[in-house]
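Each of the two complexes below includes chain A, the first together with chain B, the second together with chain C.
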Partner chain A sequence: MVPKIMKQGRLAPWLYLLPSLILMTIFIVYPTFATIRLSLLDAHSVNSAATTCQPGQPCWGIFENYRYALTNPEMLAALRNNALWILLMVPGTIIGALFFALLADRVPYENLAKSIIFMPMAISFVGASVIWRFVYDFRSSGPQIGILNGIITAFGGQPVAWLSAPIINNFCLMLVGVWLWAGFCMTILSAAIKGVPAEILEAARVDGANEFQVFGNILLPSIMPTIVVVTTTMTIIILKVFDVVYVMTGGYFDTEVIANRMFELIVTNAGQSTAIAVVLIVLTIPIMIFNVQRFRREEAAR
Partner chain B sequence: MASVVYDHVTKKFGDSMVAVNDLNINVADKEFLVLVGPSGCGKTTALRCLAGLEEITEGNIRIGDRVVNDVPPKDRDIAMVFQSYALYPHLSVFDNMAFGLKLRKVPKDEIKRRVEQAAETLGIKDLLNRKPRQLSGGQRQRVAVGRAIVREPKVFLFDEPLSNLDAKLRVQMRAEISKLHQQLQTTFIYVTHDQVEAMTMASRIAVINKGVLQQIDSPQNLYDTPNNVFVAGFMGSPAMNFFPARLRKDANKMVVDTGDFILTIPADRTRSLEQYVGKDIIFGIRPENIHDAEFIPPNIHAEKVEAKVDVTELMGNEIYLYLITGKNTFVGRVDPRSKMRMGDKAQVAFNMDRFHIFDAQTEQAIR
Partner chain C sequence: MNPLSRLNKFFGKLPVHFAVILMCLLWVIPTLGLFVTSFRPREAVLTGGWWTVFLPQPQAVGQPEYTKYCSSCHGANGKAIASADLSNPSVVNQYQSAASLLIMLREPINGQPHLLNPTLPSTPKDALNTLTPVLTYLQTLSGQKQASSQFTLNNYVDAIVGYKGTTDYLPDCQNKVPSTLAVMNCNASDILNPAGIGAAFINTFIVVIPATLFPIIFAALAAYAFAWLDFKGRQWIFALLIGLQIVPLQMALVPIAQLYVQLGMQSTFLGIWLFHTGFGLPYAIYLMRNFIGSLPREIFESAYLDGANHWAAFRRLALPLAMPAIASLGIYQFLWVWNDFLVAKIFLTTHPVLTVQIQNLIDPLGRNWNILTGAAFLSFIIPMVVFIAFQRYFVRGLLAGSVKG
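And then the complex of A and B:
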């Protein structure tokens, strides 16, 4: 005998959802609101942020911490670098991953090749960053122990300060990001490519397409939903990029990113740190909405 | 429009797996050739070699006068209809059909004209803006055929195009493809495992088994004079009955002794069999040449045989009798007025004007 309360009706669905709702309230909803509250308070979470305003300086009142998060030169550099990461590193990773996935699909030792590309994901990101610090190592005098500068000086070139010379150091960090994430993206894209029926590609070949046309006209559109999912996922991940930057440059030499600022401030100024956290949340919302809408559209198209 | 030649074509996968073994076929211009055989016999591989989707290991394939061994599929001037239809899921019906023409840089208005004409022929004009997923199986099939037609290729290839359709639609599309062949006057090469499709559509049928061509001939010749036991058993439904037997001379008459019953061979057939007297043979007879002894057609050499009726299947226009004599089981298609019932002891008559004898060792026909 099913208890009346469990019968199909208005109440039953909520009962099934209840455990998840309780957990989400404790670990997601409450912390979010607590963070927003903290972001409106001062460094020690005691008084309103408005009390930190300096006389004669611009003041956003209770939103003073947001004035820091959105106008401070350090923060502007971090926002700019995050934008660079998303505009360059994300497409770089996807294109690289797609390239590997296509090549791996055509070699007999596919699994070995894919395992090697995927390997960086298995290393801790901090460990990987330490390894890459050696790759990029720079000495102003004496023998170079970094492999890149070692190669350059071996051919008679001048060593480059990969991690401390602004703008190229950002690209060096992004390359590490690509190295870390390409395997992950490749695995997902490779599965999508294998999901495309071989007969469709063969039909295109018989229809008169060369290999580039088969890729551009048939394969790419067929896996586009997966590419979009991987791209949005990567965008959210990279918006929060932290470990690589923290370990390799600590955000110095103009390589600062949002998450690193947030981490640096959490001890010294809880108000500013949480304000940055809220900015990060707000930045991810449009991507989330896009993802959900797209998912619904695809469901509707079935 | 072009002829197609398989010249000693062999296709191996790896070192040991021989999918197509020394295949020799000359397909004339405008011919409708059907490659038929059980699944895994190499017929689809043979077609894919012609399409350029598989490289051949040995031999030559010619389309028209040109050896195409190393020509990529796109330059072979062929069109192919796949078993799964292989429509491009993200393109509309129109774009699916126009794809090959766009790649060939055919002018826009010409593309439109050809696609609409093909759509008209196939009765899919209302569907041009739909996506493949919005179509039924039969409609997808037509789009796949339409995509091949608009290309106006030299040779059409069909890889089991009807096997995903329901029975009724299959019969209808069979007739439509035959009609299409009449209209287009182009070479058709069609792969199927269904001997009915082969019989109904082909101008010639090539029967393939285990990668080896067994026989190639017109449907009627193939049915009437199969070269070997495989072809005899494959063409026709229900299949031909086979009885392991021995050829003997019995008081001046030549007889087939199956162990369960003895059949006398008519005098006009004895000459070619003379050298097999005393040897093992396989005696074959089609179900339609086995009659209820009460309803024997006039003017045939009937030989009566006692048998037990195992199962009867009423078809309306005829009855299938599943019969047992000793160690042999066989099928007869008899007159619907037959009174035979399951479990009956019955007398059936073999029409000794229509039988086949095969060498027991080589399984080749003896004529």
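And then the complex of A and C:
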């Protein structure tokens, strides 16, 4: 709490807050409401979205842009792909990161190993996409210059068009995501693992528990809150995943995601673009409520 | 611990070492591939995988023939006989074709045939076929033919000046190729060619520095107020701020783009500075408030008893003590803005930053890997240095619980 003896003018706090409050109002609060309004208007933000309804076609009236955002095949593919990312890539990354954090904890070169896994976080997603486009490079004839196809052809196999063959390409993109974000998850999980008192683990070992029992019965429950935090954070990040998909496939070949659809429509159709943005924030609201509650609990525990 | 049990412990851990090292290798190989490629000549990039540079190299043209017929007397480098120095261009220049070389070789030297052991094939056709590669090798030896080097810096030069042709900038400028002179100046000013990575580098710096400093300054002020000043709605506004952290920046793109058009601010540096500042603030304030709020209350109380006002307490106490938090925040925001693609792509179209410029260079058919690899690595240098130098602060900034828009 604020020390009572430090007197202040009534205006003083607001002078400290003013620059931040003005900027956040202009760039976050106002656009949030403006986006909701624009999502109910047509492509050029002039008339109501209801005017874009075609006779004989289904029409959601003023929510016509949401009909696009929720039922159009392109958007359904994007929603499905985002769901795939969240259901497969997020748990995959977290399990892999946890596995690595546990192993790295046991070797003397732990810091070096962790730095290597974390390194992709320092470079841009565009740069990472260039790196991986090269890994996935495909030539229909002649020598392969991408290492993946290089290995396959060296063993006499047929080269694979990793980024344009549907289904496979989604997994290839997710693999890039794992490569990028595993370091982030690993760092947070590793800090949590180190926070578990060594005496408790040692006591369990002395009592005859094997390493799997120590992990399953003691370590895992202790770091569960952290795993939940990493999961929610990753889910929010993946809901907005954009750069990797935009640079690697442009959303073609059935790899579309929500944020890329939104970007593609920014210039051509402000109504549909903002409707997608609203869908995006509605999807993050449950996570937001969860995080605010977590903050309240932390504040109460202070 | 006796040596045997130490050895036992080491072998017991062998699977762990194996798994950790394997994963690290898997993480490094993609980047290594791009790194190696960025130093390879453009023809080599497209005709063979980057891993082939680690395999034994095929010999230069004519080297096996030279070794068979000539090196026993002239030596491997051609310099063994001073009066017939084969690395001397004027000696080699006397023989413009394999035929002239053959005529010379048929003449005896010091009363002996020139080639005794082994002798050249007797039919002229076979002899010429053997001598053609030998001549090529002699030209390479004497430096008239450029031995195609395995590594080059041309990719980086091409990337910096943004030279997207099917040839390299430096040789083209040297040879005064007309189509090159039409688009390039062939002097130092090309470094700032708007299509190149050099210009993008400067644009990125212009964007990054204010976009990192503004949020830190504003957030420090606001954080001090949230931590040590009393005002109505303090908890309430701060809770709202936590919520703002999760608003995706996608929510702001269309309205702000429209606003900038109305204000004539589209594609200005000011526009992108303010956008990054606005979206950087909620997290920055949250992190700084937690740090400044956890400083011991006694130091503020005693400062106040000594006659300091809030402004002095902020400048002389809170700011210096918050340096670790400022460092974390600064590095986090710096890397975020440096690596940003979406915001720059929308709000700064006329001055492409590094990420946007690299995306511009991507060829869907993969014909220009050489320039792309150079460009990508140039864009990695600064964030890598910052990351390696300040890794601890960066990780701390992440651990503070970021869910950034």
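Note that the second predicted complex is superposed on the first by the 268 of 302 C-alpha atoms of A that agree within 3 Å, B and C clash if a C-alpha of one lies under 4 Å from a C-alpha of the other, contacts with A are read in each partner's own complex, and residues count from 1 in each chain.
The criterion applied here is as follows: a contact is a pair of C-beta atoms (placed from the backbone, for glycine too) under 8 Å apart; a residue touches a chain by one contact, two chains touch by 3 or more.
Remember, it's a predicted structure, so these values are computed and weren't measured experimentally.
Colleague: For A:Thr187, select first, second, both or neither according to whether it touches chain B, chain C, the two together, or no partner.
Modeller: In the superposition, A:Thr187 touches chain C alone.
Colleague: Which holds for A:Gly208: it touches chain B only (first), chain C only (second), both, or neither?
Modeller: After superposition on chain A, A:Gly208 lies in contact with chain B alone.
Colleague: After superposing on the shared chain, does chain C or chain B touch more chain A residues?
Modeller: Larger number of chain A residues touched: C.
Colleague: Taking the superposition as given, does A:Pro221 touch the first partner, chain B, the second, chain C, both, or neither?
Modeller: A:Pro221 contacts chain B only, not chain C.
Colleague: In the overlay, answer first, second, both or neither for which of chain B and chain C A:Tyr16 touches.
Modeller: second
Colleague: If we overlay the two complexes on their shared chain A, which of chain B and chain C does A:Asp243 touch? Say first, second, both or neither.
Modeller: A:Asp243: touches chain C, not chain B.
Colleague: Taking the superposition as given, does A:Tyr30 touch the first partner, chain B, the second, chain C, both, or neither?
Modeller: Second partner only.
Colleague: Just to be sure I follow: which residues of chain A are touched by chain B in one complex and then by chain C in the other one?
Modeller: none
Colleague: Of all residues in chain A, which touch chain B in the complex?
Modeller: Result: residues 197, 199-200, 202-210, 213, 217-218, 221-222, 224 of chain A touch chain B.
Colleague: Flag every residue of chain C that touches chain A in the complex, lowest number first.
Modeller: 13, 16-17, 19-21, 23-24, 27-31, 33-34, 37, 45-51, 218-219, 221-222, 224-225, 228-231, 234, 237, 239, 241-244, 246-248, 250-258, 274-275, 277-279, 281-282, 285, 297, 300-301, 304-305, 310, 313-314, 335, 338-342, 346, 354-355, 358-359, 362, 366, 369, 372-373, 376, 379-380, 383-384, 386-388, 391, 394-395, 398-399, 401-403, 405
Colleague: Within their complex, state which residues of chain A touch chain C.
Modeller: Going through chain A, the ones touching chain C are 2-3, 5-6, 8, 10, 12-14, 16-17, 19-21, 23-24, 26-32, 34-35, 38, 45, 100, 103-104, 106-107, 113, 115-127, 130-135, 137, 139, 142-147, 150, 179, 184, 187-188, 191, 229, 232-233, 236, 239-240, 242-243, 246-247, 259, 262-263, 266, 270, 273-274, 276-278, 280-281, 284, 287-288, 291-292, 295-296.
Colleague: What residues of chain B sit close enough to touch chain A in their complex?
Modeller: 51-53, 72-74, 76, 78-80, 82-84, 86-90, 99-100, 103-104, 147, 151, 157
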